[in-house]
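Quick one: the structure is below, questions incoming.
Each chain carries a letter (A, B, C, D and E) given by its place in the written order, and its residues are counted from 1.
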């Protein structure tokens, strides 16, 4: 198996895991983290697939894309955390389903 | 769906599995070698005189992306600021006080981190590094200082902070617009001043990015400091 | 540009009315009356031109390949004349009727806009333009129907919209479809679709869609449900809009459709005219029978309207020149008769709060002039010579017989019989001695009384002069003749 | 301009011709007398209301004889018939209103049929002039329809079966003066229409036979119904229907044979004059009797015998002349049906006689009502009519009474005129000894017979319909609420996070699967 | 400096500068910055449209490199239309916001940042309409997403936060899906520029997967049923000027990218069946959204569901595009007119709803009786906007419906016309449910204070624009003809 495929496969797996978390985990912080999983997955895929031509060196475009993506994800995460926190103080809820908050260990 | 009617838990799993399968198939369908735009980029970078191709891509070829990315970062900062529960949050004292070890560490680390940040910016044009990396380190230094009580966030309430947060973006816009006066298009740096302009932007950006990261932390931290749990 | 003015002048008056606001009542009256006078003069001028053979028209581009066109031909001008002249009369009446009402600016503003839309329908040069004004008419009528703001009015308004917009939707599809297969098709006497007449299946469907669209306002059963309820509107609205402008826009659409879009020949050869005729015939009979059952004065009039509108539809669908001319003449005649009746209904309600036929005893003494005008109109409606209703009914009947459709003739005369059945009891009830007897001779506000008398007299005068040049009968025959090639009246 | 179009009032032509003259005189006389009578007998407060209807009705009723074209004829026909509704409902009782409703319905139908016929005829003739119309329709393909419509209209006007209740209904509740006009003049407009509009001698024999048979049936059946009815007026109404049946026989005769048509027309005129005057006299007489007491009442009852006898067709009365003319007309036809009709004609007089006996009996039994107004004027007016009954038919300058006058005094014809009356009297006497159950039959027929049943059925249907539509509305509202509720619930579950986002990912997969096929 | 030629660059740089300046200007001066920016942007948008009308579409090479090295902006007729729409609605919303967000209100700190957030959003929308690079789309989408989410929560309150959270997660899901798509597409083709992709795209599983992912992600951002789950709550609980922008402009941004990808970038028959699916979902949106709008009891929820429905119309162009140049022209012009008229009308409706809520102090439709008497201009504005939502003449909505119905009939697939007609009728149903209440006689006088002239008349102004749009249809068709979709389809020479 080529090296690039290892990265890429890891990325795909991360992405799928993140997807499940975002879809199914009720706790909002879990959702934020899951979204970061998805982002990291995509970044891995980008880097992995951008590294398929060893002779000419890694493609700089995916790297630039990943850098931009990271900044964007950081911004999104910050905003997500801020909203979740504010939502929690306003309602006392940590999920969107009107279930009572379960506590930090969930 | 909550307690009223349980949504079948299997379906999200199935959906994620489907994603795995389809994306996996798409990846496997790719030829094992491809160069993408690597060659064009390297050739272009040579022409532009920036040694680090990634930096060239980031700040020159796709500088427009970066301009918008800076906007994203600043936007997120403004967004988080707007979400504060009370306007005074940014200037509230952080409860934590540095112990002797942390204090000593901070005294040693903080200047070092600022130096590292400067270095990262400086080498950015030829080696891995640049404004984002530098800004991140700078921001981290700021957070460290606040947490250990060496800097109080009181300064953040002033107009000064807004300027620091904004200056990078403003400079970037200014530099982007500047070529237009000469008939060029947005971000079309004149060849002779390309390097200096990029460095100028990078430096101011580093400041703003650092301030952004610090502000993001402070705005979020303000409530946490009261012991509330999200 | 002149062809646009009969539409624009009332529209401007309407907007000016809104702009004047609630308080400046006198200025509002002046603006509206002046606009009516100007419109009448404009239409008159166009009529003179059209009679001399000059049809003034103009088109502005709007949708890709399609324009918005106005054309002042005799056919359209007949409707425009009816709408405009009766607008003037109704304004006077409405000023009296709405004397103590609230929201008069809104009322008169939308009123003028309705007339603008009706004139637009009348003079529209092609299906698209007609459709556009037709829909504007639906919309501008709604605020008038719900004007009183009572739950009853709102329910009626909802129903009205449900029907009007449903019909509009059918119309939209039909008109668009037509535009897709035939492009811009200005109304042409005798038909405008010769080029695509081989696409019979599509043309049949389009015809059905267009009839469904126009049929709503023409209250063709089973699309009539909105009309009786819409009578909750203030009387001037019922009078003008439901006897003159709105419902007539529907039948006028059918007249254009049969005579000047498809043309009688194509409509006959496609086999679409006869089903329409049968539908109209059924409407006539059923509506008349239902009218017999109504005790509410305005509802009875409403069902009568449904039947009378189908007279026009039936006459048009027979595709026989005299019947078509009769239908067109009836458009004008029925307007005059029915407006008299609705004015009466409004007056007796506003003056004495009488809403039901059974509450009317004593009215004939109390309001002799009003009820006399009503009586004249009632007999005219039943087709008693020499009143105005007879002239068109006779033409319709003779036209039916000429085209070999004796069944249509039977329908017409039966409906006349039924009209007697629902009109005469009103008169008798009013003539009986009753609650309103004591204050004899106390007529309504003169601003309401004289319009009634005017239109009442008009039902007689138009009947007596039906044979003279320039009468609606003569006018209708001149306007319809080109659709039937060699026919000379 | 097409000649079939009415050019407004200008085309309303009125002219006096040979056909119209007797009718004009009859109508003018009866409407005037009746009007005066009504004026004299109506309380002052009610006069305006009564005459609001009476005047237009009279106007139409008289000028109809002058009408020269289709439009004016129709106008007058309608003008007379429609306001008469107000006369019938004048008293305002529920029965009167119901009678009025039925009258109006049938009148309207009759008008409609007449108008349809006129339109067809005008189209076929391309003219509006009445003489041309009747001629032109004879050769038209629409002849049968037009004649059927005409007969329907006329039949309704004169109370032919199955609308035999029409006339009794219209007389029963009407104030006496007005009733007299309706009884004497109104139905005779139907006779005028026969003369004016029915095409002469062009119809197939079957048509004539059916019409004649219908006329005979009406003559007999109306008589039976009349003897079983309740009030003197109703009896008179059925009597009218019966007599009008005979006129219909004459009309039938005219349809098929050109030769017999003049005779038939003569019979129609004769019958119209005779019956119009006599019936008017009976209606007025009934009213006059009710206003009198004592010897005056007896005298009036005696005078009432004159029109009674005339109707029966007793010798030397106007009825004798009319029947003679009718017999002549029927005799002019040959064939089984005309001969049967001819043979049966005298027997109709039995029915009439029975009716008159019943009328006389009912009138006599009536208790006198005290009225404020003096009965002098009514008596005078009545006398005038009586005089007309006695004289007019005999002195009328025409062909139709020549034969009758010639044979008026011959014993055979006298006998022919007498025996039916005698049989009726004999039957009347016999009835006194009849079982009580048979006697109780009298009075079982309300004026209007089957028409009342029909009206009741219509009312019931109307109520049922109204009830149904009400109950439908309620259930529809409930259903709407339920649907709204479930739609809202569906949306709630569709936007819940896990469901919605999973749905989205499934959509992603669908698009990918489709796109990479 | 040639403003006409530089307009694409300026359309991004100017509002971005405005955003930055408004942040440092402070809350009192920020509104002035915003108004100035709005006026300049409007001028620039019109200049760009004029330039496109004069000389056809043009590309703007940011940084002077040109694709594939650099990022190109593409100014064609369709983009010009969306830019002008954004500028008009943007200006009106800015003016309205000066009345809505009182600068003297100390308790709502977030309100002070409205101007900055709003100008960021405007920047990102302009950038989205202009960009020709699929990765740049991602950055723009994130800018739009973050600013939109923040603006939803700006009013505070549990409901807005909850809606914002949902919106944020939906936004994340969409962004990640889109980025994954770009990654796959780039891996397969090595290209990011749309125009280059257009000419080089070949049938390939990876590229197709990538494009399908991108389309799906954009569908989520456009809130097409069933991916509409985040929209009603977000649009319904945001401050009214924000709702107006979200509904009338933001969803159009991602839609515009779908339009480009589906009709311009991908060759005919690429991603087979996806066009039909989009059409079917569009139809479902029309019906479902309208029905739900009909069931709502609160005014902004009603308007929000109306957006769900109206978005559906935009997707009918895709199945129709398969039927040749004539139908494509009709359908594309139709959706462009619809996007414009819906943008104006929906802006008007949300602003109007905001004014009504301010007047009444609540958002329950049933208790809004009497508005017609106390606020005639406002009610009239809502009514006019309703007219265009229903697609009744004379209005832009009518023009759109006419064009789409014509396209459906000309294509032979008449069932899309049926959907359009049903949608119009349902729109009438929910609009009149609202209007009939406003027209009712109020039993008591309104307790709320009299409205500001801006909150009364600006909704009417937008609605009038939506109505008068019908007269501008020839202009819109000219711009549609100058769009790359039609030029590349060979319709326009």
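Please note the rule applied: contacts are C-beta pairs under 8 Å (C-beta built on N, C-alpha and C of every residue); 3 or more make two chains touch, one makes a residue touch a chain.
Treat the numbers as computed from the prediction; the structure is a model and nothing was measured.
The set of chains in contact with chain B as well as chain E comprises A, D. Each chain's centre was taken as the mean of its CA atoms, and the one lying most distant from chain D is B. Chain C has the C-alpha centroid lying closest to the overall centroid of all protein C-alpha atoms shown.
Inter-chain centre distance (chain A to chain B, centres taken as mean C-alpha positions): 17 Å. Taking the mean of the C-alpha atoms as each chain's centre, chain A and chain D sit 96 Å apart. Centre-to-centre spacing of chain B and chain D amounts to 104 Å, using the average Cα coordinate of each chain. If you average the Cα atoms of chain B and of chain C, the two centres end up 71 Å apart.
In chain C, no residue touches two or more other chains.
Chain contacts: chain E has residues 135, 139, 142, 146, 149-150, 153, 166, 169, 173, 180, 184, 186-187, 192, 205, 209 touching two or more partner chains.
Residues of chain A in contact with at least two other chains: 15, 19, 22-24, 28, 45, 49-50, 61-62, 68, 72, 75-76, 79, 83-84, 86, 96-97.
Chain pairs that touch one another, listed by label: A-B, A-D, A-E, B-D, B-E, C-D, C-E, D-E. Residues 493, 496, 498-499, 501-502, 505-506, 508-509, 512-513, 516 of chain D touch chain B in their complex.
Listing the residues of chain E that touch chain A in their complex gives 135, 138-139, 142, 145-146, 149-150, 153, 156-158, 161-162, 164-166, 168-169, 171-173, 175-176, 179-180, 182-184, 186-187, 192. Of all residues in chain D, only 484, 487-488, 491, 494-497, 500-501, 503-504, 507-508, 510-512, 514-517 touch chain E in the complex they form. The residues of chain B lying in touch with chain E in their complex are 22-23, 25-27, 29-30, 34-37, 40-41, 44, 60-65, 67-69, 71-72, 74-76, 78-79, 81-84, 86-87, 159, 162-163, 165-166, 169-170, 173, 176-177, 179-181, 183-189.
Of all residues in chain A, only 19, 22-24, 26, 96-97 touch chain D in the complex they form.
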